[in-house]
Each structure stands twice: as C-alpha cells, then as structure tokens.
Amino acid sequence: MNRDYLDKEALQGALNDAVIKALLNQEGALANYIPELERVDPNKTSIAIKFPSGDILMAGDAKDHYFTLQSVAKMIVLAGLLEEEGAEKVISWTGMEPTGRAFASISQLEKFGPVPANPFVNSGAIALCNRIPGSQVEDKLQWLTHWTEKLFGAPLPVNQEVFESEYRTGDRNRAIAYLLKSNGVLRGDVDETLRVYFTLCSYQANVMDAAHLPMLLANGGRDVEGRQILNSSTCKYIIAVMATCGLYDSSGSHLVHTGMPAKSGVSGLVVAVALGHAGVATSSPRLDSKGTSIRGEIMLKSLSKALNWHFAS
Amino acid sequence: MNRDYLDKEALQGALNDAVIKALLNQEGALANYIPELERVDPNKTSIAIKFPSGDILMAGDAKDHYFTLQSVAKMIVLAGLLEEEGAEKVISWTGMEPTGRAFASISQLEKFGPVPANPFVNSGAIALCNRIPGSQVEDKLQWLTHWTEKLFGAPLPVNQEVFESEYRTGDRNRAIAYLLKSNGVLRGDVDETLRVYFTLCSYQANVMDAAHLPMLLANGGRDVEGRQILNSSTCKYIIAVMATCGLYDSSGSHLVHTGMPAKSGVSGLVVAVALGHAGVATSSPRLDSKGTSIRGEIMLKSLSKALNWHFAS
Amino acid sequence: MNRDYLDKEALQGALNDAVIKALLNQEGALANYIPELERVDPNKTSIAIKFPSGDILMAGDAKDHYFTLQSVAKMIVLAGLLEEEGAEKVISWTGMEPTGRAFASISQLEKFGPVPANPFVNSGAIALCNRIPGSQVEDKLQWLTHWTEKLFGAPLPVNQEVFESEYRTGDRNRAIAYLLKSNGVLRGDVDETLRVYFTLCSYQANVMDAAHLPMLLANGGRDVEGRQILNSSTCKYIIAVMATCGLYDSSGSHLVHTGMPAKSGVSGLVVAVALGHAGVATSSPRLDSKGTSIRGEIMLKSLSKALNWHFAS
Amino acid sequence: MNRDYLDKEALQGALNDAVIKALLNQEGALANYIPELERVDPNKTSIAIKFPSGDILMAGDAKDHYFTLQSVAKMIVLAGLLEEEGAEKVISWTGMEPTGRAFASISQLEKFGPVPANPFVNSGAIALCNRIPGSQVEDKLQWLTHWTEKLFGAPLPVNQEVFESEYRTGDRNRAIAYLLKSNGVLRGDVDETLRVYFTLCSYQANVMDAAHLPMLLANGGRDVEGRQILNSSTCKYIIAVMATCGLYDSSGSHLVHTGMPAKSGVSGLVVAVALGHAGVATSSPRLDSKGTSIRGEIMLKSLSKALNWHFAS
C-alpha cells in the first residue's frame, strides 16, 4: 500500500514547514457555543503523521496538547456500526450526501428528512448514537469504549468537564434529537441518546493518538502489526463520506486543496487520510466561520503540496 | 501510475457482467426538458474503458450509440480555463462546494451567491462559459473546439438539432444567466454566453470517445503517448470537484458506492476516473429523479466491485 | 359599533345556508399527529354568531359538539400578555410577520430567528407561554384560567386526554422549544413551558363558547354589558395579526375570500371577527393540507357573502 | 360610507404633525438598484389625503414632489384584470399569499411555484402584465393608459428616463420572467412583457394624484361623483391583498401599527386605504432594509393614531 520511500528527514522538514506557516496566522476564534471549549490556549498548534509501519512523526505542541475529539468522534460510531450492523442498515439510518449547510443545521432536516443527510452532521451522528446496541446508557458507553480503543489503538479518556459543559448547553442538539424523534428516526429516550452523543464528543486525545484512526483507513483497515481492524469496505465507505462531507460546507474546497479526505471537529482537530501513505492529525483551536481550524487547514495544504499526497495525483 | 496488471479477459468479463446487470433494469425515464433528448432509444446501453496504454475495452452498444455530452462537457470549459487562466481566477468565478440541491437550482444562487457554488451546476458552467477568452461568439466556439479536441483526443461534432432544441427551450438557463448578470458575475451579452453554453452541451460522442478525458485525468494529465495534455494540478482540481459535486445531490452516494469520481449528464452519459487505472464512460439514457443514468450507476458499481477500483482501496 | 340592523330571520337563514353548503363537502382528513384528535366524529359541523347585544345565533351541531381550542387558544396568551405587559414587550418576544410556511415549521426559525415570526406559529406561542408571569407551572396555569374566563365569558374545562396525548407525542414542539432555548429566546425549564403550552391547546368549548372572544374583538374590547374587557389597542393588534397570520399559509386567500380576520386550530375550529358586526365561530374537523377546516372555510365564505361582512366592504 | 365628521382643521393638524415627526428622522437610504432612483432629493417628504367628497388635504412637498409609482403601480394591472377577466382567472395566474420574503425573491418561486405567490411580488406583477389583453406591446400600453387614467382620475405621464434605467438594469426581473416562462406561467415574448412591466413602474405622480386610487378603494369603488369605477368585489380583493402582502415582509407589522392596508414602492411612495374614511398617499425616498419608506411609515402611524383610522377600531 505504501507507495513511496519514506525519507524521514524530508518528511520532518515538511512537518516543520507546515507548523511554521500555521504559526504565522493569527486569524479565527475559539468555538464559543460550548463554554469549556473557550478555555483552551488559542495558540496551541500540533501535527502528527502515523505510518502503517508504526512510525510517527510530529511537530509543534504534539505531546502536551490535549483536546476533545468533538465531531471527529462521529467516525467512531460510524465505523463501529458499519462493522457490526452493515452498510445497508447504516444507510437506512442516515444518508451520505453533503448538505451545503452548516453542521448543526436544522433546516436541512426539514428539507432532506426524515433521515439525516449524512453521518457527519449532528443529526446524523445523533441518529447513529441512537442505534448503538445495548439497552442502557452504560451498555452503549461500553460499546463506545470498546470501539474507541480499537480505532485509536488505546483507550481514550473522557473529559468530564467538556461532557458536562456540552450537556448543560446542548439545547440545539436537543432540538435536533426531538425533531428526529418526531420524524420517527430516533427511538427510545432522547436524553439517553444525547448522553451517549455528548460522551462521544468528549473523548480526549493528542495528535499522536488521533493519527491512529486515519492511519488505519489509509492502510486498508490494518494496524501496524498487520491485523485487520476494519474491513476494507468499511474503510471505503468512511473515506468516501469524509471526502464529500467531512468538513461540512468546506468539504469541497478542502478536497481540492489538500486531496486528503478528512474530518474536522470544533476543538480544532482535523484528521486526514493520505491515501496509500499515512494518517495525519492536526490540531489548533482557532476556527473559521464554518467551524474548521484555520491553522489545521494551512498545515494540511502545506503537507499535501510538499509531499504530493493529493488523492488524485 | 498503472498499478495493476491488465488481464484483458478478466476486464472484458467485468464489463460484460456490468452491462448484463444494467440491461435487467428497466427503471427511469428519459430527460424531458429538452425535446430532442426524448427522441433517443431508451434501451441503448454502452460502456468503455480506456487505459493510459491506449487499450480500449467496451461492451454493449459502444460503437453505434451516440449521444450529446450535456453536463459532462462542463469539464471542458473548467479544464481549459484552469490551464489558461489558473485556479485562482477560476475560484473567483465559481466556488467548489456541493450544494445539496439539483443541477438547475436557482435558490442555491440566492443562498450561496453571488458566485455559483461549483463549476458543475448550471450556473457555475454558465459563469465559466462567460469567461472563455475571445471577443465574439465565434472566438469562444473556436476555443471550445480547440479544448474539446485536446481533451478527447479528436474533434467532436456538435449536434445542431440538440443545440437548437436547447436554445429554443432554455428559459431556465436564461433565468440563471440573467440572475448571474444581475449579481455582477456575468459580463457582456447574456444571449452570446448562452449560445456558447448550449453549444458546449451539444458536443456528440460515443463511449469510446468519452472515455478519453477521464483516462487523461486518471493518468496525471498525460495521453497515451505520454504527452502532458493537462497539468497535474488541473487534474487534481477537476477530480476533487468531480468527487464532491459530479453527480449533484447524488455525489455522496456515488462516491461511497463506486469510489470513482465522476461527472454525469442528462443524456445518460457518466464519465468516471478510476484513479491509477483508467478512464471509464457509460451511457444509457434512462434517468433517476436526480438526473443520473440508472443503468450507468449500475455498471459503475458493478465494475468498481469487480475490479476493486474504489479510490479508497 | 353595530352598523347594521339585525334581522334575525335573515341571519338565521344565512347560517342555515352556510351549514348546508358545508355538509355537502366530504373532503379533508382529521388531524393525525395528535392521536386524541383522530377520535372525533368527522361529520360534526357547527356555527355560531355572537353579537355585542348578547344575541347568539347558531346552526348545525352547535350545542353538543365540543372540541379543543388548539391554536385558537394562542389568542388567549397573546391577549393576556398584551394587556399585562404591553405591546412593546410582546413584540420583543415574537414578531408579527406572516411566514409563508406551515404552522410547525422549524426552518422559519433558522431563517427569521432568533425571535419567532409571529405569535400564531407554534414557536411564537411557545415563546409567549414562556413569558406568562409566575414562578411555577401552577401559577401560570392559574393565569391562563383567569384570562380564559375573561376572554370567553366563562371558565372553560381542560380536556385532560387531549393534554396527555399532546404531551406524549409533542416531540416536534419539544424540538421547537429547545431551539428557542438555544437561541436565547426561551428562559427556564423547557418541559414546564411545554406543559403550559399543551394545557393552553387543550381548553374545550363549543362554538357558542368560542364565539365570545371574536365578539369582544369585533366590539372594541367590550362585552355584552359594555364592560371594557380588552383595551382597544389590544384588539387592533390581535385583529391585525389574525388578518395576516391567522391561518398560516392560507391567511392571504382567507382574507380575500371572507374579509373576516380569523384564527384556525387543527381541531377544526375557526374563530372570525366580523368587524363592526359580531364574533363568529365555526367547527368541523376535516382539514385541508394546510391544517384549516374545509367546512369551516365554506361556512365563513358563505356567511361573508350573504351578509356582506367583508372588512373592506 | 364616511363614518366621521370631517373637521378640516383637526385633520390638517394631524397631517402637519405627521410630516414634522417624519422630518426629524434621517435614517434610510435611496433605492440603488435602479440608477435613476438615486438621483432624487432624499429629503422630499409629502402626504395627501383624498376624501370621497373630493376634498384633498396635504402637507410637506405635496405639490412639487413628483416620483414614479414603482410597485404601487402593480395595483393598476391587478385592478384592470380583476375587472375585465374576473377573480377566478387572476387567481389562476397568481396566488394571494404573503411570502415571508423580499419583493424580488426568486427562491420563493422555486418554493411556491410555478405560480407566483401574490400579485405584489415582482413575479406576480410580471405574470399579470403578461395577461394584459392585446397582441402587441402598443395595445397593452394603451390598456395601461386606459386603466391608469380610470384609477387615478387623470392620465399619468411615463417617466422615460426611469423606464430606460429600469430596462437597462432590469436583469433580476429578466431572470424572474424567464423562470416564469420556464414554469409555463408566462406566454409569448419575455422582452415584450418586461417592456410593459417597466412602463407600469414608470408612471409618475405626486401624492395628490396618488391618493385617488386608495380613495376609490376606501369608498367601495366609487369616485367623487359617485360613479362606480371599480366593482365592490374588486375593491375587497385588492384591499385584502394589500393587507397581507402590500409591504412584502413588513406587511404584518405595518398592519398592526397603522391598520391601513397599503402598497409601497421603492420610490418611497406608500398608498394606504383608511377604510370608511379616505385614501392616503405618502412619499419620501429614504428606505429601510425591506424597501419601505421610513418617513412614510412614520407619517402613516402618526395619522392612524391621531385619527383612529385603524381598520380594526
């Protein structure tokens, strides 16, 4: 799978260049709709690349910069359900079309509904959280723990402050969930589903942790020891949805400019799949108006250009 | 670039299987908004694959089934302007985001405007036709002729009946063009720009002709003799936009299911890029409600599965 | 205020004619989103006119046909708050523009928001219920009891089965309420506000009861004994909002055809103000696609024509 | 019809007060999408009231302040067609529902279409201009001349500069017209229909001229000599549509605050019907963000309050 010879020095140079370009940019603002997300240091900036060989390269504040996964974690529930329930069922629970709208858009549910447009808008991820097997919240959280460990190669802690902050202020997501319930898409208790969803968003990692899942995807679902963690069909599905829907209404320009299917989160994390090469994770909390990390995109563009990691090259 | 050994018999078998699956489906209806498009034989079904080596494989009515390119031709003006004017200018004329809406949507222009969302919705292609160099319609048509020949390896004829049919009934596109003019996006004479646009849609080909351009894209811009017809950066741009916007509001599910970035036209043509492998063209005029050839999608899914040509595999 | 001589026989004839025309129509369907509303007899049809003199005329099942007020009750909270808090505050809590959309539209909140478009869409009425004075649900229900008795001249019972049915199935309204909370429009506990709102919808009456409030409005706020129950300015405000927003996206055609500002409910009740004449209430549960009673509109048109009660005549 | 004793001094005082309040406001901007409309004196401010008795009162620059009717002229074609073709046909050509959107909205045509929402949005008026009897533009203009004279009591000149300015820059209206043609609503030549429409908008008057038509409407269709110029049913139709749609997405608040059904134009003219009393015309060219004259609304609110001319009082 790995089509190119890895010259570590050249790679490290590309990473360093990417971080330097990013640090020169001071634009953007912290996400402000979850109080806890506003407390982070706005200057933290880090990048890591993980190769199927197990090699990891990094630059910036990679080791000591922790953040919550936020929407990047939507990949966990999607992957787990694709593996356990199959694509056909997942498609019946949420579509796979870009919306041309923001991540928490409610209008799109009235327009496209009853089923959410794709698994990466909030409504889609909430609908999937509702389908996690288990009769109680604890069972579903256990399922999440299991899959998170599988997909990131190690357990990730839940940031309880962020969870409480999201739970306390998550009225827009409550509105989405009740609308899904009203549409007949969401079954059972709304509050329980939201507790699962808010927990999902609150997993905590640094970029070295975060680069594991995109590495798996870049490597056909196999981990560094060659074990098949995800089926090839699951990888194709997820990567394709990342390509078209991963950055909401910036997905198109992201794909043109970087060629690396990616998923962003409002904490400033972006994970990206360098197809045939490696998994990439960047993190920096200042966001543009569409909720994407500005420095993250700068790093990914720089890297894609330097290493010619565009999927269409 | 060509990563796999070409076993022609296996390939031909995959093509034949694809056509057989397609022929079993009788769903869909001919495009009816251009009278001339309704006159075609609804059962025509053909597929061709063109390899960077120059090898062409085909199945179905590949040789004698001619059709107009329709929206597939939007790739011509995009490619020509990217080459001659550069990406920065093209981006200032039309965005690159999927819309979540139909190809001739006007609401999206009010929502996303003033600049069209991407080069593959009608408004985007009309905006680009307006930027073709030349002071008169004849100059612009000459530019089109030049680029069409370059991109398809041979001159393509214009179907004058289809052109006249489109010109006579193209009031929705006139509405779009006047709205672009009103937004300050379109310069000069609306009717002249539309004559260019309707000509563009009326180029005629069979699947063997049509497979040339996606082969160029799959081959980093080089033709069968290794000449660089398109820059690598142009190829990346076009393929990325095909991936996210090529089939309008079916782009997401197409990419998940086939993994081949594609562009569809209402004549029933779909051209698809099997990255690292070949260019593919399928044609069959019965369309689903979103304007995509039903048999075309069946053939592409079948082929992708049989040959493992998904971009994320 | 009463500009015309009341010929009771002629009036009774007009009422009878109206009911007969209505009974000939079998179109429409019962509201089905609240289970309890589907249990009513679809053929019940009644009309009543109440004059400032205290005279009441009626036809059809006027006496024994009871129904819940549903959205007609939105007038109660609007009237009470206008009287107690004043127009300026009410306007800051909800606008007064027609939406061109359905009564439970959520998209309109994203488009027009954060404040609801008008007090007669669900979001507007929920926002107003949130502003009823009182620290606990009981206080607010007492406020409602007080105003209901004032506006209908007698206490109205709450239909507990309908309340429970609405409460159990009201997820769309929960979605609206959480969105309002997320927008900063709704304060305090969502469930408490919804309990008030669902109670409001569940007041029960027959057409003779229901005609009292529009009679007050037609009479400048004075009751049959000449007491000023509502200020003139409150009446003007409510009647104007009824004229433009009373029947959601049928408000325009209703006003053209009947000339009587009105408010409809999904139980099939419509109350209408015959300006300078009388209050009218019609009830029949079969609804058109926009949620208005079909027979109700037939009766109101017939009456308006027979008596020349169009506001612009 | 005239319910109140006319104390001319008190009335003149109310007019003067209204103008003084208006002159204190300096907000708003001239319409800028038609170049000719930007050339007017932004401070011109005038008001006139015309009574069924023939009495006219005025204040401000009433005599020497001329302006084009703009959208107020949409009432002419509506009135003429209602009289000559009947309500049923007019309703089949354009609806009568408020849109919740701006006057030149195109999205609403995609949402509500194919038929325009009401006769006072541009699409509705263009659709009606298309139905004016006559085989050639000249015939239709003659029809307009005839009806304009009838409705304003005297011929009005066409401002040729404004017509040319609108014709030259009217691309948004061209877009609307071609969309109507594409929807099958508009027949024949688009440019010819637009020439009629732009002429309609370019009739010129002062407030004394302009107050004639609302006086007719306030007087049941009769002129100052008691001749029946418009049928009562036509008056009811027009007044009801003015009430719900006359000021686009400000119609609701206008009706609440003034109680006088009205029609606005981007030249700054507003004509209003004081039901049972008189016709009112105000003019001042500074507009708010929704295209309504700011000083005009100040004058109408002041007048309504001073004279208690609210339709619901």
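Read from first to last, the chains carry the letters A, B, C and D; within each, the first residue is number 1.
Just so we're on the same page, contacts are C-beta pairs under 8 Å (C-beta built on N, C-alpha and C of every residue); 3 or more make two chains touch, one makes a residue touch a chain.
In this text, all values refer to a predicted model and were calculated from it rather than measured experimentally.
Counting hops only between chains that touch, chain A reaches chain D in a minimum of 2.
Considering the contact criterion stated above, no chain is in touch with chain B and with chain D alike. Ranking all chains by how far their C-alpha centres lie from the centre of chain C, first place goes to B. Centre-to-centre separation between chain A and chain C, using Cα means, comes to 48 Å. Mean C-alpha positions place chain C and chain D at a centre distance of 31 Å. Computed from the mean C-alpha positions, the centre of chain B lies at a distance of 54 Å from the centre of chain C. Multi-chain contact residues of chain C, defined as those touching 2 or more other chains: 111. The touch graph of these protein chains is a ring, one cycle where each chain has exactly two neighbours.
You'll find the chains touch as A-B, A-C, B-D, C-D.
By the touch rule above, chain D contacts chain C in their complex via residues 95-101, 108, 111-112, 117-118, 217, 220, 232, 235-237, 239-241, 243-245, 249-253, 255-256, 259, 261, 273, 275, 310-313.
Residue ranges of chain B in contact with chain D, taken from their complex: 105-107, 109-111, 171-172, 174-179, 181-182, 190.
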